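Here subunit A shows up in two complexes: once beside subunit B, once beside subunit C.
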Partner chain A sequence: MGCGVTKTSEFNRKFDKDGNVIPAAITMKAAVLIQRWYRQYAARMEVRRRYTWNIFQSMEYADLQDQIKLYNFLGYLMDNFTPPSSERNLISHIFRENEVCRDAEWERYFSYTNIDVPDIYSGPRLTFPLDMDQAADLVEAFKKKQQLHSRYVLQLLLETWKLLKVLPNINRVSTCHSKEITICGDLHGQLEDLLLIFYKNGMPSLEKPYVFNGDYVDRGKDSIEILLILFAFLLVFPGDVYLNRGNHEDHIINLRYGFTKEVLNKYKLHGKRILKLLQKIFSWLPLVTVIDQRVLIVHGGISDTTNLALIARVDRHRYVSALRPPKKKTPSRTNVYADSERYDEMIICKNRRGSLTFPKPFGARESFQRRSLQDFSRAVARTLEEEFEVRRRQGEFSLSSFSKSHRILSSAVSSDSEPESSEFTDTSNEEWKQILDLLWSDPMSHDGCIPNEVRGGGCYWGPDVTEGFLNRHNLQLIIRSHECKQDGYEFCHNRKVLTLFSASNYYEVGSNRGAFVRLGPDLVPYFVQYQATSMTRGLSFPQNVKRTEHTALKVLREQLFVHKSDLLSAFQEIDKENTGLICLNEWASAIERVLHLDLPWRVLHPQLVSSTTDGRLDYHGWFRDLALKKPSSEHIEQTMLETLYRHRSTLETIFRIVDTDNSGLITFEDFRQTLKLLSAYLKMEISDEVINKLVISTDTNNDGSIDIDEFMEAFRLVDKSRLERGKSLLKLMQDNQETESPQPVYSTAPQTSQCPASQPADPPASNTTDSACSQTANPPALQTADSPGSLAEDCPASQTEDLCHISVVVPPQ
Partner chain B sequence: MKYEQEEQVMSGLSGDARRVKSLCFVKFAEILLLESIITETQKRISNAFDVFDHECNKTVDVREIGTIILSLGCFPSEAELHDIIAELEDEEPAGFVRYEKFLPTMTKILLEHKFRPITEDLLLQAFKVLDPQKNGHLEPEELTKYLTQEGESFTQEEIDEMLSAAVDPDKNVILYKDFVSMMTFDDTR
Partner chain C sequence: MAPKKVEPKKPEPKKPEPKKEEAPAPAPVPETPKEPELDLKSVPLEFTADQIEEFRDAFTLFDETPTGEMKIRYAQCGDVMRALGHNPTNADVLTVLGKPKTEDMNTKYLDFETFLPMLQHISRTKDQGTFEDFVEGLRVFDKEGNGTVMGAELRHVLATLGEKMTEDEVDRLMAGQEDANGCINYTSFIKHILSG
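On to the complex of A and B.
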């Protein structure tokens, strides 16, 4: 195309039907008009894309916070009380710490030699030591959706464990021999993305070293496959494959975010042992990688106290989980946490329904770093002291002498190779904080370093901290992951910090690209972006935006619905005259007060509110429009429903842990205990009567046990607005040859005797997934949040034989 | 309440005085109306600003200003946009624009209706100009040439984006009438 000066009218002269020339000025005007209009449209799309993104992120963080709070509460119970044995068993299920064992004993526990591989097994049969061909075969097998037999899984994991134990905390890599090093960010169980990276960049080898920066598991459905592939390559090329630990390489986090469930489902017989072994392996993963002594690669980031010399010295395997910090062993056994009396500053906002939210900030930074994640629970416990008093009097919890509980603790200290239980001191707290900072921190744009209360661990660090850190350690760049970026990567802090994220379509199909980076001896990053699913092909940019937006809004509407009681009281406080109407501004501020999601509600309101009269909203009608309860859940009282709904993922996780034989059923007793624990945590009375009602309504088998899936079904909400809007979206999609099933499908309620006669207008449909549009091959946390009953396992495998949208970007210096 | 008071006052006045009074009254009402329009406008500006205020500290990256202005319903030319940004960026060397600065500028722009909107009809006419043979459609290459070479040229990314939404996959042409109505419908959704 010519790019000369006179490029306009000469080439683009137009003629009308009669052969007359259209004046160039007019065509130019027309072009300008179209351009201006389109740019405006694109800007509006961008705004929508942005706030959709904000929604996903704030939901993700809120979700994570909830989870951490609850687990810490349970940990607190475990540490400070000796509940009756049944409850203790339940809690200890959740926190089964490693018993103190010698290595030899562990070897026996993880032994695979007794596991027979049947002849009909058609998957890979590994022989050790592994070689390159076997690794490649493994990739092929997973591509074909095969599953590796548990015998080989255990064997491979054992070999990995052995290797990891001799690796240092800090991997040191060199680009000499003109080797380019490839670095990948979060994968989160999305096998398609790993396959795409290998396809585009080649598999790891002597000539092709790789660094993987953590978060291999959770959320996606192929976490174990990714691990097996990475470990296989690690074993074959130990000098050319480097793995960093991410914050999701943590067994407690895994309980919530899907990895544990995935393993137990895929390996019904040996899943527990596999998970145990992985727990150890995760703790033995190196913490950071340094390239040419110039570039630091770490999963989360740094803080102003990050000290690589210290990091190099720690016993990293002692820090098994971010949610279980090292215990302090004090001579006086009266109080387990000697420095715990700092929660005076913490104020707990109690709202009527007892859902505990924590205000920001958390007080002085020093005290925060000591308290860390564990301290949430202490603050919780403080307000529950009265509750416990009551219960103690009722004899439900026995506040035994602390020495007794302490004995339980000391036997629960995690330490696999050291025979004597380690002397934990201030050092271990300091070390633990260092590790937490490495794995959980996020960069911010202002100077300084503040605790990362959104995540609950690590900190937010500013450009000055980066400067200082790089100077102190003579480095020039920090490459980290941990945060999803729309384009797969993003620079900040004056291009001294690079965030790299390799899981495309993380929130939703089309939500973001993934990227990996190559570094040669010149240490100039070369990026490759991609988006790994065939679904995005054929979808234009606006369609992508709308689709993603749709999912985000759906989740948001659910959140609004489950906070109905709180919202209602907030509205009624404003609407003192009880007109049933509220103006939009007040609507927005009330929502923000209740949900604390920090979203631009006024921008969102057209999407969440269908109609207003004179700029005022009929809030009762609005609630009705938001969502419908499923018929089977109608007998559950509203506030109860809301509470349980809010914590349903946790509830489900605990149920599944308790379901030790993975039958999908739990006993009444366990169910009851779980709900009682939850009620203590929420400071909310869940009476036996209510529990019994719940039990009866869901025990459709009438056999004294509860089907977990069925129970969780009760908490799925019907998206009414989708029913109505489905049509226009549908047409749009159909016009573009979407292959999804057109009708949103909802399961009809299990027919119980309590089912009310008049049902809401549910289209009768097959019993499966919710909105077909949002159900993709990569259901992230979002998916678990909105449809607990139907999980990743139920999704059809994505058709990703054709990989697409690979673009290459070389950023300017 | 004010109205009733006015009524009472008015009934006790002579014709001329009444006229003057009612003029004042009208002005007063206009001012009230204007005030509420200003407040509404400013709220819209504030909301749009918030979407891009990632750090929640009332600043946005200067590179996002264009998007914000456009999203508020304006159709400035590229040159005009540059001018606005230059004005906002004055004294802000850090590459950020503060809300205190943005609000008055933007309010003025919106209230003065500085940039006339582009209606569906006008847009259709524009497309028709480019299709004088009245085929009812445009070839992607044609449109690309126009939009990337004439007027306020599109970047490659912009034209790619637009084509992905505009081109009919079967016939590989742009049925601009459908395109325009689809886009307009989307926007108002």
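On to the complex of A and C.
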């Protein structure tokens, strides 16, 4: 009968409470009913799991867009100064070249010999040359949350630097006889995952060679510890540990994604030097690894022009950062108007969707990559129209405010700028492109090779490019990382390309597994998957899904909130009679247009919209639900708030860029100029007087300079969810200990989760207590401290839950 | 890829009973001439445009084709329907799919246009099994009439009767539901399933 076979046997007879036999048919019916309800439950769970993953992925890519915006802002800075203008000092100060010292001088700068290690220090005391036991001790120490003393850090890094300098660009490894090589992907500062890998697979040794495929740092909270462990093993087993460079091994990227912050926090005295040394080390990391001349291991990927012979020849250390192409040795007279010609070829991106499967062509690849910061300083003359095209493509700024400032400056620019040449030869440009392609590219499913405008560097390459590349170089497989995969690894291009990702729970606890792969002489990959957090073991699958979903939706609501003005205009355009209502379909399409996130909005709407009348949504009410609990001060415009909140990671990065010596302090003048440029760029209109007052009032400790806390405090970008997380994690741990039953505890593990649209995942450095508020003499500051009752933990994500508190304290006009 | 055209067959009865074994395809003669044939082409679509958009979103979520071709495997069809709030049995799903072979379930694909009439047909199934039926179903196993069922018994039943569940599925369903004595309070169990 039916799909399942029923045996009407004695075994299956049921009895009711009076001992009467229940007819088999009823039992059957009951079973089928339960089964079908279960299947519906499972399907619903699956939907939630899928859209949660989609949300995180699209947010991550949206966050990458932010990086591009930052880049554009820096470009704007370069474009809009004039020789006589006062901002020039700031610009040249930020972008000055300081690489003129020779190595010998650098070694003095990095000297550790006069750093004393106090007796009270209980961490590892390294002696060089390192041996296996010391490396293992280092791992143990970090497991116990100890911190390596800066003296040993510097010493270890110096030794690493020396070693890396003699390594080739291409590591060549072979699997002799029984040696299996273990390959790991992105770790992103998640020490737990590295420890888990070592636990499952053993630590690196002569019998156990490892290849690490880049992205060791940023986002996670133990980036420096991971580096130190990997470098230690590299020093002990230089023939059996291979490190590739990833796109995050780049000091400018680190400014934004948390590594710089982590180091400066952990090493307050010597952090600057450590970072500087790391900057060099990163540039000396090898670019790719080849196993048995058959398997290529590279962090990002390839392009249609990737040429290993060329890669082998480059001076890789000249390519310090993705945002800083190399300075050439001899200038050449290239056409200064090359830039403007290029722009003529650009295609305007309409309707950009976040979907990676159909990336839109962005324009000549060289245009992005050649648009270096040095380039800008040559003040290329462009027509206004071309500028509009560039800006419109990036799509965020008000054209009117831009053109106003541009008009004022452009005449000055064209008259004063000298037609100096750009400092590239074609060779160095070619090499630059090759390296960017290796570190930043992503595979795509259809043929061809197009620029990767989502990431802002490298390209998307198709299966035909893989074929061609493998044939040309006589290889059989490409192993790369760079993209998070739900199961830790994923094949594509007909199993010729393998993506390997080793940071589990990357977006959120329970979001994905990590994996590593072993290759023996047969070069057949053997995968091991894992998930690092002990939290996940206590939670069932549905609980996992719920938690991850909760975070994803929260982050999504935040995004909706910060785009309120644009959304409101979009809604009002649809709702011409101003009824305040729109139907769900229109709501969904408007959101798609504004946010450019390729998500199933209609499936998501029950989670994002609390109620509708007759299938129509009261959008003003909806915005109120999304918004802060407390109304913002009347002095602050909604638009400005949103803009600042949206750009808050960018703001922090800007601070770190302005702070060129990583001292943690910037001068008043730098700050003032930054604010001026920022306000013009972000279409915020703040007068000079206001800015001046803001600058002075920002220096709350009156030491004559601005530190990062004061800087962020000036914009009052407090993220309450960060505070919440600390408490929620505690609750989660308590709950797990107390009961077995599923508790809907919605929290995110602090510092290991990464909500891409929110702040960099790091211990909150900024001090956001009430006491700081009161010092700035301003209109009544908003409450930043939370009242305990409002930490929404036990109820399903309600729309009234606070996202954050933002206040911008603007001195009275 | 559209599924094979459904040969005239008896459609599933409007009760949540397990069906009689269908005649093997293609059987030109319907088993019970009284029942109407299941001809998907003649199913009129009564969904509104808004609803269809919503279905499209859900369908896309399950689309795993690398180029986003808006196709799902046969094996996913049931899940998409359930995600959209319906409650077909596996047999129901197989029927609308045209009784595909087991190996077809993971190799054949269904596009959105073909899916819609299937969904429409399923949505018409009057007796979807109400909440009360569900409770009644569980009560059958409540030997002592005290609101609890034996976890072990339920596991056994679900894995051996009806549309058998796999051990994994049963584990997932019962995770955290059994108390120290291995009993399940089925009111909370029901809430667990319904709250999803």
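The working rule: the second predicted complex is superposed on the first by the 494 of 813 C-alpha atoms of A that agree within 3 Å, B and C clash if a C-alpha of one lies under 4 Å from a C-alpha of the other, contacts with A are read in each partner's own complex, and residues count from 1 in each chain.
One rule holds in what follows: a residue touches a chain if its C-beta (ideal position, glycine included) is under 8 Å from a C-beta of that chain, and two chains touch if they have at least 3 such contacts.
Being a predicted model, the structure only gives us computed values, none of them experimental.
*Asks:* Which holds for A:L568: it touches subunit B only (first), subunit C only (second), both, or neither?
*Replies:* Neither: A:L568 stays clear of subunit B and subunit C.
*Asks:* By the touch definition at the top of the document, which applies to A:C583: first (subunit B), second (subunit C), both, or neither?
*Replies:* second
*Asks:* Going by the contact rule set out at the top, does A:C492 touch subunit B (first), subunit C (second), both, or neither?
*Replies:* Touch status of A:C492: second partner only.
*Asks:* Between subunit B and subunit C, whom does A:I115 touch in the aligned arrangement: first, second, both, or neither?
*Replies:* neither
*Asks:* Both subunit B and subunit C contact which residues of subunit A?
*Replies:* 1, 7, 12, 14-17, 22, 26-44, 46-47, 50-51, 54, 445-446, 540-542, 585, 600, 602-603
*Asks:* Which of the residues in subunit A come into contact with subunit C in the complex?
*Replies:* It comes out as residues 1-4, 6-7, 12, 14-17, 22, 25-48, 50-51, 54, 355, 357-358, 445-446, 492, 540-542, 583-585, 588, 600-603, 615, 740-742.
*Asks:* Please output the residues of subunit B touching subunit A within their complex, sorted ascending.
*Replies:* Those residues of subunit B that touch subunit A are 43, 46-48, 50-52, 54-57, 66-71, 73-77, 118, 122-123, 125-127, 129-130, 132-134, 145-147, 149-154, 158, 161-162, 164-165, 169, 182-183, 186-187, 189.
*Asks:* State the interface residues of subunit C toward subunit A in the complex, per the touch definition above.
*Replies:* Spelled out, the residues of subunit C in touch with subunit A are 16-21, 49-50, 53-54, 56-58, 60-62, 66-68, 78-83, 86-91, 94, 129, 133-134, 136-138, 140-145, 154, 157-158, 160-165, 169, 172-173, 175-176, 192-194, 196.
*Asks:* Which residues of subunit A touch subunit B in their complex?
*Replies:* Contact set of subunit A toward subunit B: 1, 7-8, 11-12, 14-17, 22, 26-44, 46-47, 50-51, 54, 444-446, 538, 540-543, 546, 585, 598, 600, 602-603, 728, 732, 736-737.
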